[in-house]
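Okay, structure first, notes after.
The first chain written gets the first letter, and so on, giving A, B, C, D and E; residue counts start at 1 in each chain.
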Amino acid sequence: MKRLIAMNRWLGWLTLILLAVSLWLVFNAPIDYQQGNSVRILYIHVPSAKMALFVYLALTVFSIWYLWKKSETADILVEASAPVGAAFALVTLASGSIWGKPMWGTWWAWDARLTSMLVLLILYMGIIAIRNGIDDPVKGARATAVLAIFGAVDLPIIHFSVVWWRTLHQPPSFGKTASAGPAITGPLLPPLLWMSLTFFLLGAYLILLKARETQGRRTLEHLEAQRRTHV
Amino acid sequence: MDMTQLEAVNIGHRFGQRMVLRDVNLSVTAGECAVLYGANGSGKSTLLSLLATRLRMQQGQCRLDQINLHTDGETARRHLIFVGHHSHLYGHLTPLENLLFFRDLHQCTSGRESLIAAITQAGLAPFIQQPIRWFSAGMKKRLALARILIAKPKLLLLDEPYSALDHEGIRWLNGIIETFQTQGGIIVMASHDPERVAALRHTPWHLNGGVLRPMGSPHPC
Amino acid sequence: MDMTQLEAVNIGHRFGQRMVLRDVNLSVTAGECAVLYGANGSGKSTLLSLLATRLRMQQGQCRLDQINLHTDGETARRHLIFVGHHSHLYGHLTPLENLLFFRDLHQCTSGRESLIAAITQAGLAPFIQQPIRWFSAGMKKRLALARILIAKPKLLLLDEPYSALDHEGIRWLNGIIETFQTQGGIIVMASHDPERVAALRHTPWHLNGGVLRPMGSPHPC
Amino acid sequence: MLKAIYRLAWKDVLADFRHRSTFSSMLFFSVAVLLVFQAAFEPNGQEAQRLVPGLLWTTVLFTTLMGLGRVFQSEEENGAFEGLLLTPLPRGAIFFGKWLGNLVLSLMVMIMLIPLTLILFNVNIWIHIPMLLALLLLGTMGLTALGVLLAAMTQTARSRETLLALLLLPLVAPLLIAGVQAMTEVINTGTLGGPWLNLLLIFDAIYLSLAPWGFGWLVEE
Amino acid sequence: MLKAIYRLAWKDVLADFRHRSTFSSMLFFSVAVLLVFQAAFEPNGQEAQRLVPGLLWTTVLFTTLMGLGRVFQSEEENGAFEGLLLTPLPRGAIFFGKWLGNLVLSLMVMIMLIPLTLILFNVNIWIHIPMLLALLLLGTMGLTALGVLLAAMTQTARSRETLLALLLLPLVAPLLIAGVQAMTEVINTGTLGGPWLNLLLIFDAIYLSLAPWGFGWLVEE
C-alpha cells in the first residue's frame, strides 16, 4: 500500500504529460467526412467507456481479494474504485448522449448497450450507497465485496451486447472482434490509442488518490480515538 | 415555592381481559424516593408507564402538582423524565448528538458545554465521537441516565436503573439521585435490588396481585 | 467419561483500531463456574461472544474438549448455549412455539412435554398461549433462560443473567446452575452482581484494560 | 415547537443526507424503476408521450413508498420511538417533523427525475417542466402525509411494508388518478387547471388535515 | 437439517400466515399495483395483450420487493437473528430456510394474480396459464434468492428499504427482460422455449448457486 501511494505522484505527472500529448493529437486529427467535428467526442467517449468497464473488473478482483485474504488494502481499493468507476460511467453516458443527438437524432435510445451501461452506473451507485450505509466497517466491507461480485454479471452483457443483439450502437471497431461494420482505422487510431492510455493512467491515479484519502481518514480516526482514550 | 407532590388515586389498568393494576394509590412528596418492588410481571413497569403518560389512564386519576397527567399530557411530559428498560437512543448518532436531539425536543436550555459535561460525568468522554450502536450495555445505560443531568425535571421515573451498571456506575447514579432529592425532586423507581437501593433515603412499596402496599421493612423479598 | 474442559489461550480482539482484549487466558474445567467481573465496556460481553463463536477469533485459540471453536464453529455451537443481553426470542410466537423453534434448530431431542415442563418451571405456565411480545422484562428473561433446560449443552455462556429477574427468579436460576454444575457442565458468566453470585460455587475473574486476572477474594470491587 | 419540527426532520433526513447517500440512492432507484418499466412495456415513440404522466406518477409512488419504510426505521432500535412520544411535543408536531423530512427528500428527487424521464423516453415537453413539477409536488404532499400516517399505524404490526403498501395504495389511487389526469391535461393543452386539479387539491387538503389528528390517535396507547 | 430448513420457512411464513394473513395482504397489494397501472396507462384492447407480460412481471417484482423487507424484520426484535446464527446450522441452511419461506408465499400470490390480471385487463389467453405460471415461478426462484441475499446485506444498513430496492433492481434487470421476452413468446406462439428461456435458466442457476455462498460470507463476523 505504501509503495503504491508513493508511486502516485509520478503517476500524476505522467498522466498530465500524456494528456497534453493526446490532446495535441486529438486536435490535429482529421475531421471525419461523415461526422464532422463531433467525431472528437469519440476520443472521450470510447476511452471512458473502456475505463468504466475496466474499473469494474478491477473492483471485482479487489473484492475477491478482500473476501479471500481479509486484506485492508483490498477493502480500501474497493472503496476507492467505486466513485472513480461511477465517474467514468457518467462521462460515458453523458458523452454518448451528447454524441447521439447529432448522430442518431436523439439523446437516448433503449438499446442493449446503452441500457446495460445505465445498469452499470446504477450498480456503481449501489456500491457507494451500501458502503456509506453500513456503520460497522467490517460488515460494510463484506457487503460491498459480495455485492460487487454479484454485479459483475453485468460486465459481459455490456461488452457483448452489440454482438448478441442487433443494436443502434456502434459494434466493436478495434480489437479482435472487429469484423462487422466500419472499423476505426488510419489517422483516427493513434490519437484514440494515446487517449486510452491517458485515461487508463488517469483512472489509476484517481483510484490511488482516493485510496490515500481513505487511508488517511481511517488513520486519523484511529489516532483521534486513541488520544481520547488516553486523555 | 410550593412543595412538589405526586398524587395517584385509585389507578386501575387492564390489558385485554387481564387486570394488571387495581386501585393503586401512591403519594410521593418532594425529596422522596418511592421504590416499587414486586415479582416479575406484577405490573411495576406498567405503573411507571402510566405515570409517564405513555399509557392512557383507564381508571383513576393522577396529578403532579396542579397538572393532571390524564388530561394534560404535554405539560406533564415537560416536567418528567422516564428512563426505562429501553435506552431510547439512536444507534447511528454519537452521544453528543443524542443528547442534543433530546435537549431540543424537550426544549431544555442547557448549552453544549453542559451536555459535554454530562457525558464526561457518565464516563463516556473517550467515546464522544462514536455512534452509540456499538456501545456496551452499561455504556448505553449510562448515557440514558445522563439525560437526567441536562433536563431539570420535577419527576423522575426509573425502571430498573441499576441493571447493567458496574459498581462505579451505581455510585454515580446514587449520587445523582441524592442531589435530585435534595433539590426537591420526586422519584419513583422500580427495582429488584434492595441492596443497591439501600444506600438511598427511600420509601419501599410492594406490588402484588395488582395491589400496591407500603412495605414495613426496607428489606423486602 | 473424560472431564470436559474449556481452554482459551492468548485471546486478543480489536474492534477497528481499538484493542478490547489482550492475551486473555482462561481455563475452566467440568463443574466449574467462571464469573467475569469488570467495569462497563471492559470487554466481558466481547469475550463471551468470542466463546460463543459469534465473533471471529482474531488472535489466540480456544478449544472445548477436542473442538476448536475457531475452525469448527458448527460442532461447537451444538454443545453450547449463550444467553446474552438480548433474549433472541420472536415476539410474534408464544413461549411454546419459541422453544419448539429453538429445539428444532438446535436439533435437540426433547419432547413437547419437556418443553412445557420447562415453561412451567420458569413460572410462565399461565402465559403459554400468548405471543411473548408483551411479556414483561423478567418474563422474557425467564423464557430465554428456560432454554438451558431443554438442550443439554456442555458449555453455558451467560451475560448478566440476573438482570430483570426477581428474587424468586434468581433462586430458580441458581438452582439450574447448580444442577448443571453437578452434571459436569462448564459455565462462564459475566456479571456486576457479586451478591447474587455469592450463592454459587464459582471462580471469580477480573477483566481490566483488556487483561483477565484471577481474583483472590470472592467479593470483588 | 418549529425548532423541534425542524430538528426531527433534520435527524431523519438532513443529517442522513449530509454524510450518507440516501438522496442519490433514491434518485437512482427511481431511474431503475424507469428502466424496469421500459424493459417491461417497451413503449414506442407515440406511446411514450402518452405514458409519461403514468410513468412519472408510478415512479414517484414507488420511490416514496421505499422512502417511507425508512421513516420509522431509526426509531425501532432501543425503543427510540417511545422516547419521542415521551417528549413534551404535541403529537401533531412529531407528525409534521416526519412529514417534512420525507417531503424535502421527495422534492429533491422529483426535480432530478422529471428531466431524466423526458430524456430517457425521448419526449419533448420541456416547456411544461415547471407545471409538471408543481403537480407532482402537490401530489406528494398528500401522498407523504398518508404514508407517514400509515407507517406509524403499521409500525408495530408485523409484515409492516406489505401492510403499509396494502393500506396506502387503495387510499392513494384516487389521488394518483387525479394527478395522472391533470398531468395529461397539462401535456395536451399546456394549461394547469380544471376539475382534476381541484380534485387533487381537495385530496391534499383532506389528507393533510386529517392525518396529524389520526397520528395522535394511533400512537396513544 | 431439512427439518430445520422447513422450520425456518414455517416460522417466517406459515406461522405468520396462520395468525396475520401476510398472504392476503400481499395479494391485495399486487391487485392494487395492477389498479394503479390500469389508472396510469389506460391500455386499450390490443395494447393490453401486449402489456400483460410486463404487467405480470413488474407486479411480481414489486410484490416480492415488498415482501423482502419483511424477511429479516422479525429477526430484529430481541436480537433474534443473532440467536439464529448461534444455532449449529450451516449458514447455507439458514439461507435456504428464508428462501423457501419467501418462495412459497410468492408462489401463492402468483397463482391468484395471473387469473386476476387476465380478468382485469380483459385478455383472453386462459389456455396459457400453466406456462405463464411456470415462467413466473422460474423467475421468482432467482429473484427471491437474490432478494434474500440483498435483504441480509442491507439488514443493518440505514434506509434499509431504499437500499434493498436500489440494489435489487439493476441486478434483476436481465432476469426480468428474459422473463418478459419468454412470456411474450408464449403468448404469441404458444410454446415455451427458445433462447430467452435458456437465459432465464442460466440466471437462476447463477443466482441460486452463488447466493448461499455470499450469504455465508455476509453473516460471518
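Throughout what follows, contacts are C-beta pairs under 8 Å (C-beta built on N, C-alpha and C of every residue); 3 or more make two chains touch, one makes a residue touch a chain.
The structure presented is a predicted model; accordingly, all values stated were derived computationally and were not measured.
Common neighbours of subunit B and subunit E under the contact definition above: A, C, D. Hopping across touching chains, the smallest step count from subunit C to subunit D is 2. Under the contact definition, subunit C and subunit E share the contacting chains A.
Chains joined by the most contact pairs: D-E. Here the spacing of subunit A and subunit D, counted between their Cα centres, is 34 Å. Subunit D and subunit E have CA centres that are 24 Å apart. Between subunit B and subunit C the centroid-to-centroid distance comes to 29 Å (mean Cα coordinates, whole Å).
Subunit B and subunit D have Cα centroids separated by 38 Å.
In subunit D, the residues that reach two or more other chains under the touch definition are 20, 25, 28, 32, 35, 39, 42, 74, 158. Residue positions 85, 91-92, 133-134 of subunit B are each in touch with at least two other chains.
The set of subunit A residues that touch two or more partner chains comprises 115, 119, 122, 125-126, 129, 133, 135-136, 225, 229.
Pairwise chain contacts present here: A-B, A-C, A-D, A-E, B-C, B-D, C-E, D-E [touch as defined]. Residues 49, 52-56, 74-75, 77-78, 82, 84-93, 97, 101-102, 104-107, 133, 140 of subunit B are the ones touching subunit D in the complex.
Across the complex, subunit B is touched by residues 15, 38-41, 45, 85, 123, 134-139, 141-142, 160, 163-169, 192, 195, 221 of subunit C.
Residues 135-136, 224-225, 228-229, 231 of subunit A touch subunit B in their complex. Subunit E meets subunit D in the complex at residues 16, 20, 22, 25-26, 28-29, 32-33, 35-37, 39-41, 47, 51, 53-55, 57-58, 61-62, 66-67, 69-70, 73-74, 76, 158-163, 165-166, 169-170, 173, 176-177, 180.
On subunit A, the positions that touch subunit E within their shared complex are 67, 115, 119, 122-123, 125-126, 129-130, 133-136, 138-139, 142-143, 145-147, 149-151, 153-154, 157.
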